[in-house]
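Chains here go by letter, A, B and C, matching the order in which they are written, and residues are numbered from 1 within each.
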């Protein structure tokens, strides 16, 4: 366990930090979609550069399979679901939910050699988790179920966006509250002096935790009013990164009422890489107070959609610039407050190295088959 | 001459089968355009990755030349035709129909060193054939004139589409009637059980023939009515592939009238590669009965436009998926009914090898010049 | 100093001639923008593949800096200008006009290690020049101030376009009046026989001059009328190329009045490469007669916008064709009247070789830093 050094230091991003060229991490659970996106109609989503089709069986169980007919590469999401089977729209091949072939009309048979890769799924309230590693060996110890999203004591709002940017920039963005008063200036959630608030960082194994305190802050007026709270506020922010596809935020806000009201929110950011330069960005904010207050939910939705879109646009602007600007020798600078984000990037670089080191074995297995 | 083995077998596409990486075949005649596309106005079409300009001389003879002024690469199709000459819109250079320079205004001369490559053409009714090999050595033995398109005993309808997909997928599609009840389900031309109809395949030299029989099939009602036939029908389908740019289909349909009516149709599919991932797709359907029946022609046009657009869309969807899905180690599976298509792909792989083997000689010739 | 050989000769473009693959030339002044484009609002423009932000200080001095925050690559043009400082919209980092850091909110400090590259600028009437070489060593001997654009004795009109084409084609276009009667046929500025007018070319050091005479020419009627001149005209055209980003044209026109009227115009073409296949094309036409005649200015504007757009479209058509046409072994032909343009291309090839030869030293300097 390490603490951030207090000495200011300016460095450059260098070797050992994950970036656009780092292989995407496979042996993890990612949120593939919100559960309500998956219906009896097949739905396509590309994750880690693999095209995947999702649908539900008659009993409601979700299915994820390669969205590519093994016969002639036809996209299966344009086909139909018949009972629990997925039917290809080109030659009518039928596949069971476990990926095995159920029927090839042209053969009037169901050959074992024709099958779809399927993906282990876990449904967790509104979240549909997908295991992107070896489908035979999903590691359930790496699955982090979210209590807030199934417990009756919590209410949540959620949203999603398609982001034409690498997912790592979003991780950096989220470990860093110093951009609040600037990129999110219009929401009134921090003033410039809060940018210098020190962060406490803890790293243990492959888990990174960070927290910081913002005293005497404002909040978006519509939320303050809907929540019946009274400014100014003291805010503790907690961050937890334990897998490549999620940033688990928690925010504890204490108001100036007498006695003070205390508000706890989970702020969950989901970044599921589509490619190295595009990301499915989903988010949820959950609270355990005034959970039936529809007006409060509506105001939180407005702020979430608004502020997280600012992050998305910023990260897309960066992605576009990086492709455009051929400035020789440019390397981004690191400042003290980047410590948390940089640790995340270092962690992911280590995880990628570990996966690549294990890869030859996997490749041999494929070759032997 | 070989017959299809009857034993079902599942294999994978592998070496020896033409695919997107196979060099396009040059020493063949392709249909460049329908004749009525070529007028006195210059028209551009890219074929086998060469940009070509087409126009007609005053006497109506079609001309095909490189669409690139040898002087400064200006596209000649934006210029004008003056008499039989093509005039570049940039510096006014004039070229004769044989590609020789007729006039360079800036020199007031017509230097021999400035000339256009031209392409041997053959007009065959509605088809304008172009030789894409060495222009000095067009091989007329490889030109397959189509009797149906010039004989007064035949009537035809035709159509064309631009397809953002490699041309080989269309060849596979056409050797395979097993997709009829699925991709073309709405046209009523086969039921799922017909997918298993066995095909007879013959291969002799560089020519592949295939045929199959569908008994007790329906036909699109509007066509049945316009043709004055009576279902159900027995149908023989014949396929002939003897060059990379055409699939010659023929269909013999016998109805349930007493005595039975017999209908013969040529169904010609033209796939002229633009690039390795885009194709000019032209088609024609010719019949020798009721050739003056405009209503029947109109109904055939509807079915042709509709059904062949389904093929085009399917092949474009596949092309998009192949570019998107980076699934490691994926290789398409082959089933028994793919035999005909696979033979075509093997044939084209052999033809490409043959051309590449002859290439060094051609390159030396260019270098010597 | 060399004269054009009179013997007609047809050659091919070959080694020694700059083309799309030639590295862009850095150690020169380019026109970054028209001065009135630069305001207190930050403006982005990519030049030589570097993304640059422009704004004005409170005293009006223009500033050019890398449009990429050194911290997280955020595009600075989306930020704000505060006093003389540029403020990043992501984390609020502030930069002085000299590129040094003025304030990092998260550090409450201004570290020296965080800074922007800035670009030497020179404002010259409507032209904002930028030095794209080593910012520490702008070579003012290479800056060619334009008298016509600051002298009260001259009036000018100007225009600008974004051109999706390499800048070299525009240089070739401008050394060559032989395209006037064809590409610009509708403006009545030359007849086909003028294409053969011989050019006089002088080359001295890195400077190329060319001139030619067109006797008995017409002019666009609206300009003739507005200028109160009388056709036919004799025209001397002068060309001067002494840097990669500008073609300095001058045109002396003598009319058929008694006594003859003599009109002198500077026709300045500015080609600032964005990338190897895109160019910022700016132009100006300056005259020293009837300088207060708004109607004459308006007519010149119409002709400039119209005719130079014809060049832009032609060069974009060529760029598109070059990417499309994979004709093997194609090489553009050179004719006698291309001599001037080819000399420019040879000059730029030599300049690029010189810069590349000096490059290792520059790279060592970067590495040592």
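Following the convention adopted for this analysis, contacts are C-beta pairs under 8 Å (C-beta built on N, C-alpha and C of every residue); 3 or more make two chains touch, one makes a residue touch a chain.
Here is each chain with its UniProt name: A, B, C = Aromatic ring-hydroxylating dioxygenase subunit alpha.
Keep in mind it's a predicted model, so treat the numbers as computed, not measured.
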Copy-to-copy rotation for chain A and chain B - C-alpha atoms, rounded to a multiple of 5°: 120
Equivalent interface positions on chain B and chain C, same or different at half: different
For chain B paired with chain C, centre-to-centre distance based on mean C-alpha positions, whole Å: 47
Touching two or more other chains - residues of chain A: none
Touching residues (chain side chain A, partner chain B) in the complex: 46, 49-51, 66-68, 70-75, 78, 88-92, 104-109, 111, 113-114, 117, 366
Interface residues, chain A side, partner chain C - complex: 8, 10, 169, 172, 176, 178-179, 181-183, 192-193, 195-196, 314, 317-318, 320-322, 324-330, 332-333, 335-338
